[in-house]
Structure formats: structure tokens, C-alpha cells
Amino acid sequence: MKFGIVVFPGSNCDHDVYHVAKHVLGHEAAFLWHKDTTFAGVDCVVLPGGFAHGDYLRAGAIARFSPIMKAVEAFAARGGLVFGICNGFQVLAEAGLLPGALVKNAGLKYVCRDVYVRAERQDTPYTSRIKQGTVLRIPIGHGEGCYYAPEEGLQELEEKRQVVFRYCDESGQVTTGSNPNGSLRAIAGICNARGNVLGMMPHPDRCAEEVLGNAQGRRIFDSIVYAWEQARRQRI
Amino acid sequence: MEPSVTRDLALAHGLTAEEYDRAVQALGRTPTYAELGIFSVMWSEHCSYKSSRVHLKKLPTEGRRLIQGPGENAGVVAIGDGIAAVFKMESHNHPSYVEPYQGAATGVGGILRDIFTMGARPIASLNSLRFGSLEHPRTRYLVGGVVSGIAGYGNSIGVPTVGGEIYFHPSYNGNILVNVFSLGIARLEKIHKGTASGPGNPVIYAGSKTGRDGIHGASLLASSEFDAASESKRPTVQVGDPFTEKLLLEACLEVMKSPGVVVGIQDMGAAGLTCSTVEMAARAGTGMEIDLDKVPLREEGMTPYEILLSESQERMLLVATPQTERRVREVFAKWDLDASVVGRVTDTGRVRVFFKGHQVADVPAHALVDDAPRYRRPSARPSWQEALANLDRDVIKDIEDGTKTLQALSTSLNLCSREEVYTEYDHMVRSNTVVRPGSDAAVIRLKGTKVALALTVDCNARYCYLDPAEGARLAVAEAARNLACAGAWPLGTTDCLNFGNPEKPEVMWQFERAIEGIADACRVLDAPIVGGNVSFYNETEGKGIHPTPTIAMVGFLEDVKGALTQWFRKEGDLVFLLGEPAGSLAGSEYLALLHGLEAGRPQPVDLAREKALHDLVRAVRDSGLVVSAHDCSEGGLAFALLECCITAPGAAVGAGINLEGKGRLDEILFGEAPTRVIVSAPPEARARLEQKAHAASVPVHLMGTVGGSRLTVVAGGDRVIDLEIAPARAAWRAALAGHLKS
Amino acid sequence: MKARVYVTLKRGVLDPQGKTVCASLHQLGYREVTDVRVGKFMDITLGGLPRREAEQRLKAMCEKLLANTVIEDYRFEIYEE
Amino acid sequence: MKARVYVTLKRGVLDPQGKTVCASLHQLGYREVTDVRVGKFMDITLGGLPRREAEQRLKAMCEKLLANTVIEDYRFEIYEE
């Protein structure tokens, strides 16, 4: 399959995602320039981590107006896979492709370290190879990753089962101590109602190879590939 | 109206009377105001190295793999397969004291530009920090600001900060140290230099617009002592813009991708446009004509003097060719950056500057750089030095409770975990970090190859204070030892020499001795100097810092899978000490922390033995005999053993240790010495390990076994330490945040 | 013409920055401070538009870019120099 | 009593945020905007002090903590609710 990785000015994990898609998974990968208005032949669009437009004003606020985002929105509306990691999640939230907002970490500082997240459902393309309840160790690296939505919004998310990853401890318990940024309901990643758009703060692209001491993030990418292959088989 | 130039004005610019005469002589006339500005910054201590140059020559700068030694924006070392590592370290001490966040941030910005100017993509950074005591009212504020500044810039631009050091000592109360290191990777044929060759070639200015910020910033701030009068120099601190730098980085690397597009390139750092034009012309033996009306300006009404001396950040100067000029402009336009042709290369050997049709400066490039003043300043051993060496051990009360002492040390400000700091740094972006901060050296893999690089930065300034030559040797030895413990051998060294006022003979003496020590150790340990930085005038109201020659070293691993870490791995593994067990109280952290004493002569390093130890560690790693290796430095043997137990990112594990100790308990447990490494190995490896050690003439002592939930140490038959690992680890991890919270 | 746009976190959205500043002020001995909220403002210089139109366009800038109305409220003032 | 403290970058100091917001507004078609400077403000609630004293103490808070006068200017207003 083919991954399209959006390069905003200030993206800095674009090469990391490219490396995973192309050299770790062995699939195709291409960069999509933010000033382009169209793209073709892409099966999954990734909005990578970084500091698009410096994250000045608010993380993701300016990037959402990049010309490419209209095409990304259209792609998502057609059911295409759109995957926002970290800054990518922030852009998706600002763009309204995902509900809520990401605000400054409760501790006010940037935090880079491993956290544990629990997969809350398996029936999304991003978790198709991950059993519900599985605990994954994945690094985070962000200063504005505290998930916020008004109470009604949170309820709706839960009702529609849109919370895909929650911060937890090593054994899978959601505790205050295991929440690195104060996210409401320990939300680490959510999808849209249809399930084709996912945003998450942790970085599976930073832990997809044994040489880095942790390959658990690869399971998310493997899930994407698996789901895509399933879907293609159905189409045929 | 610009003031007319007089000798007094020159003095106010920081030139001495003799230097001013020399400038007049070089020009053959009285300088214009703009020219005076140019001479004053180019001949400042910061830009000209006038007090240090004669001594820096003594550093070994030759090596088999060295492609580019000192003199360019950064050093270059070949690492095989046509790939080069490009690295350098810089100080940003004074600006960081005045405005910690922006000072540190722009320090990072500056060192990154030094790297990508060479055509290399920065892939990892380090930082070495020194702050005053916690009792000093500014310390906590400065720590918070500096760390956030480094994070703010480095994280945003996407270069991981993979290691560093941070120490606290009252000698830094009024003069903190912020040293930043960065390393980049390039294909050898894409290395670019800061030369303006080819008369007729266009000179292109790219990046941020020029404002009034930082006029006389780095150059003057860093070239004089710090006192109440510095208040007036305050607005010279700049605000960094990491986003623009990220664009500049991408644009520069894109134009340098195809050979021949860029003839020469240099960042505008200290002394801005002046320094880059003059240096580029001087290196090539050419000249330049610059039209200041073409320089993109951020503010109105700027004078030629201001434009020439502005230290606005995130700017580059490039020389292209008439054919490639368009290509350069296209690439910068793609990244939404200003790029404008501001002049031409000439063959006159002079830099001539025009403003509104008038010539405002006409200076000889060569004379400004190569005929800059050079001083062999008087040096003299301080009168107090001898007294420091005396350490009467008999007046120091030995410890009674080894466990309590170890707990006190491990939660002390200088020995507790640095996690609180390095988790604020993105140390994983670019997904190359194989060994994260928290081990002796960080290791980063190079994608698409099997190889990896190890990085470390070290300096024990207390040793340097007690004995500058030995202290410097020890710093180099420790850096190399840290690399060996990661399984790597040294490729090259860069230094940042932080000292007091060079006009004081005692400071000059410290400086000279330190250079001697570095030269010695780098030679024997085969770690040539590829570049570095000198920061003098780290003095406030007459009080200087401990001499702090920070050493950063880059190591090479043929196979990333051979990377070692410092922590114990497996129950049942045996624990060995490679090296002599005896440590010394002289200059130890223990002595300072628990007895408030900084005295004695630090245990000297025998460099040949040190080298043999490093070779041995690498050899036993290569043959798979050891699974961990840890340098035994501050805090002595007992603290190093505790670190082996508690620093693993995963679960901690205890150990049972038996030391055949005689003598003072504090010396056995907390005495310090170089040339010691703790390794752990599976039991079946014992015979071969010992055999290899004997063959290398390195002492080897079986100390105990990994396992359990406690660290127990028996010395001379008595149980002297018995510590439960889990709470010890929690306390060690939480300590720094606690100290900083107040 | 100039405009100053004020952006504040909505009541109900936690303001950790304000809390930290408040705590630091206490530590420095300013016990009289009971609450701190942090906001940001933007000073915008605009080329000659009739005031009505300027108001409309500023409102649109705020809704689109300058504030995220999920978490923030905004307010602006227009004045001539 | 309440006070609002405004902190801005000094004139001449680069304001990367303002610059970026301005460029972004241009891209969105708001060409009439010629300059943007971003600042922050703090709404401080204070327990009963005489106004004169409150002023003095606020000035000290600004100098000590709320602004870094190397690169920032500050200004405040005191008002009763």
C-alpha cells in the first residue's frame, strides 16, 4: 500500500514516518507538500509530528489552513485513512476532523518519555491487529497534549466508542499517575465516528524497530496495512 | 548623525589604544564609524581568539579520519562509506544569564547553524550546564529558563538532545555556563565551506530579516567581565525563532544537495554580516562588495553600522554563481524565506560596503582576520593553588553508616537523576536514539547502515580547580571512558573552554595548564580535537568560575547491536571491577558534600593504562563477554554500583558485593579515581574475561553477583551498605525536581 | 487603524499556567493574590477599511484563526491611533 | 480588587509569533493586516490592600516574576469589580 506523509513547514517527524512505512514495513511512501492542492494514489495519509508553523498561536492552528488540507478533508470524507500523530492529531483537531482540542500539558512542560496506553477497541483500521485491552508502551514527546472537550462532547465520544487509546499504567489500569499531561478521561487517541480518521499523541513511529529497544508501535502500522488489505480483498 | 571616530570612541568600543593604532595602520587612515564597528567586533576576544590562539595551537588536530579540523564552522570526521560526521560545541553563557530562555535557545540555534552551514543535517545535540548554588536567589529561575530554552528550540526544530551534564557550584552563582554541542551527518562530497571564491559570483543573504537586536551582543557580552554596567548591554539578547531556523535548515540542505550550486556558505552568528563577509573573503583570498540597501530589514531607519553589526538570528550568507543564483532563490522561495543578492565577490582582497550609493566601509579582509592582535598574556600560578593541594585526611572524620551516606549522596543535587531535565528535551525525534540519556554515553544509529555513533560530554570542574592540567586530562579520560563503556572508540573531540578573565595571570595559568592536559590526553587516547570554543571573562565582580574545559567526544560503533549500557541486566551475572579499586578523597563529591571541602590533588590518570582499559572494555564487548559497562566517576565505587542497579529504564535489580577493603571506609566506598569500569558478565564468561584482562595488564576484581532487591556491600568483612533498591531508585529519581521546587 | 484582540481560556477549561503563576507569587510572599488567569492578546494594525467592515472581518479572523472556540473566548477593540 | 497586567515584547525585539500570525492572515486573504504583535496578559485578583500599596506591590511582581525587562515591557491597570 502507499502512505502519503504530509510535510508542513515545521514538521519534523515526516522522515521518521517515511522510514517506518518504506524501510520497516516495506510499503510505498511519498511526501505530500503542504502547498499542493491534490494528491493521488495514496491509501493512507499521515499527518506527522513536529511543530507545523512553529506551533505559534496554538499547535496546529495555522497548519489546518494549508492548501493540502482541503484534499485531506475530501479524502477523509470518502472514507480514506487519515492518521494524525502528535502534531498531526493537533492539526486534525484544529481542522475539526476530530472533536475537542489539545491544550498545554497540565505540568506546563514538554514531556518526552515512554508511556503506556490501552487499546480500547479492536474494530478500527488502526487497531485491527491489537486486541481490545492490550497495553502498549509508546513514547510521547509533546508540550500541548492535554485532551480537552466539553462534558457533552466527552460523553458523546464515549457513547460512540471513539476513544481508541487511553493512558494507563503497565498493567492497564487508568490512574492519575499514569496520565502524563492531564488529558480528560486519560484520552491518548480518538477516532471520528466512522473510524477512518485517527489522532493520537504518542508516537508509534518512534518505537517500530527492535534496534530502538521497542517495536510495539509497529503493531499500529501493521494494523493499518492489515485493515487495508482486508478492505481491498472485499472490494475485489 | 554618526559620531566621528576618535581614539576615545575606539576605547569605548572595547579596542585598546594599541589595537586602535593597528587598525588605523591597516587602513592607512582613520576608520569610519562603520569600520570602527567592524574592527571592534572582529578583534573582540570572542571573534578573534586573541588571548587563546597561541595556546590552542598546542592541541592535537591530526587524525587518520579527520577531514576538517579547527578553522571552519565545525569539524568533520570521516566515518566510512563516504559519510562524514560534522560536530562542534559552543558556549552561550552570558546571554543565558541575562535572559535564560532566549539565551539558551539562541545558543542552540547558533550551534545548529554551524552544523548545517557545512551541508550536514543535524541529528543529535548535547548540552553541558553549570549553575550556582541553590541558595543563590537566581539559580532556580535560571535552571528553569535555560532548560526550557534548550527544549523550546531543539524540540521544535526536531533535533534530539540525547545527553549532557548539569552541575551546581557556588562559583557559577554570577556566571552560569550553557555549552551546547551538535552533530550532523553529510555525504563527504556535500560538505560545504565558508569560502567566497570566484570573483563576480553573487553574494546572497538568506533567512530572517535584520533588526536592531543583538548589536554587539555575543561579541562584546562575551568579551568583557560582567558587572552592574552590563545592565545597559541588556537589549542585546535576541529572541530565537526555531520555526524560521527549521525552514532555513531545510532550504540550505536543499540548495546544497546538488553539487556546484553553492560555492560557499556561512551563517551570520556573532558579529553578523560583518563577520561572515570578512571571514568568507579572507578564507578565499578574495574580496567582496556589499550593498546594504539590498539587505532585508525588519526595522526602519537602520544605519549601516547597525546593519553590519546586528546579530539577528536565523540568517545565512551564501555565495552562488551567476548560473545558480536563480536556483538558490527558488529554493528559498519554496520555503517562504527571504533571499536577496546583496553583493558580489571581487578580487581586491577588500570588503567594501555601500549604503545609499555611498561607500561606508572599505576594509582589508585578510588583515582583519589574520593580522588580528594576538596576545601571549602573562600567566602565573595562583598563590593559593599550593594550599589547595594539601588535604589532611586525619582531620576528616570517617563515616559510620555507609548506607546513610550513600543515600545522602544519591539524592544530592549533583548526583541525583537528571531525568527531570532530559525528559523536557525531545531525545527521540528522528527515531535514531538507541541508548537514551541515562547511561554513560548516548548512542544513535545511522539509518541505512549498521553503524552507530556514541556521544558524551564531561568535565569535573572541581578537579580542574584543584589541578587544571590534571583536571583537563581527567575530563578527556572520562569522556573517552564513557564512550568505551558504550562500546565505542573515539572519532574526535570538541571542547568548550570556559574560564575567567584572561587578563589575570592566574586565569591564564589555568588556561594554559588545561590546554596542556587536553593535548596530552587527546593524543594518547587518539581523540583529536576537531574544533571548539573559548569562553573567557566568566567573571562577575571580580569572582571567576572554576575553570571548566568541557569535553565532548564522539565515538564510533561498527555495529549498533554492540552498544552497551551501564545497568545490570540479569540475576546471577557476575560483577567485576576493571582497574584498581583504590579511590581518593581528594576533590571528591563526597568530600565536598559531606565535609564542605574542596581540597587535595585529584588522583592522576595514567593515560597509557587508561587506554589499555578502554581497549579491553571494547574487546570484551566485541567477544560478547560482558553485558554492561559503567564508568566509575563522581561518587566513587559505591555510587557507581548503585547506578548499575537503579538506572535501567525497566525494572531495577540489586547486587551483592564484597570488597576486599583495607583502610578508611569513606575512601573505599566514595573515593574517586579514573581508570575504573564496572562490568557485568554471565558466570560462564568469567575465565575468558579474566584471561583477557590479564593479557591487557588491566587489574580485574570479581566483586559480586547481580540479583535480589537490595544492594549490599561487604567491606573488610563488615556489611557496610544494605539498601533496598526500589525506594532508593524512587528517591534518586525524584530528588532533582524536589531540589528545584524550593 | 488598530485592533486589540483578547483571547482567554473559557471558564471551565483548566488554566495551569495561571495556577502556577499564582503559586509562584505566593512563594515570593505576595499572599494577597488569590487568583491568576493568563490570556493572550494580539495587536493588529489594519489598512484603511470602514469601521463596520473592519469589525466583521476581525470577527471572522478570530473565529477562523485567532481563537479556538472549543476552548477559548475572544473579544476585540478597534481604535484609531 | 483586580488588576490586569499586560506583558509585551519590547519594540525592536523579534516577535516570531506575531510575524507568523500576520503571514497566516495574509494567506487567508486578510491583506489589510499590516502588522501583528502578540502579548500576554494576566488577570490577577488581589485581597484588600490600599490602592497605593497594591500598585507598588504589583510593580514589584512584574519586575520580579511576570516580565523579564531585558526583552519585555509591562503595564498594568487596577480596577475594582
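Here the chain labels run A, B, C and D in written order, and each chain numbers its own residues starting at 1.
The rule is simple: a contact is a pair of C-beta atoms (placed from the backbone, for glycine too) under 8 Å apart; a residue touches a chain by one contact, two chains touch by 3 or more.
Keep in mind that this is a model prediction, so the values were computed, not measured.
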Starting at subunit B, find the fewest moves between touching chains needed to arrive at subunit C.
2
Co-neighbours of subunit A and subunit C resolve to D
Check: interface with higher C-beta contact count, A-D vs B-D, is B-D
Expressed in whole Å, how far the mean CA point of subunit A lies from that of subunit B is 36
Let me have the rounded angstrom distance from the C-alpha centre of subunit C over to the C-alpha centre of subunit D, please.
10
In subunit D, which residues are in touch with two or more of the other chains?
16, 20-21, 24, 28, 38
The positions of subunit B in contact with two or more other chains are 241, 243-244, 336
For subunit A, residues contacting two or more additional chains
53-54, 56-57, 62, 65
Chain contact graph, described as a line, ring, star, complete graph or other shape
other
Seen from subunit B, its contact residues with subunit A in the complex are 148, 151-152, 155-158, 241-244, 246-247, 335-336, 422-431, 433-434, 445, 447-448, 560-561, 649
Of all residues in subunit D, those that touch subunit A in their complex:
16-17, 20-21, 24, 27-28, 38
Quick check on the complex: what are the subunit D residues that touch subunit B?
9-10, 12-16, 19-20, 23, 68-71
Residue ranges of subunit A touching subunit D (in the complex, touch as defined)
53-54, 56-57, 62, 65
Subunit C touches which residues of subunit D in the complex?
6, 8, 18, 21, 24-25, 28, 30-49, 54, 57, 61, 64-66
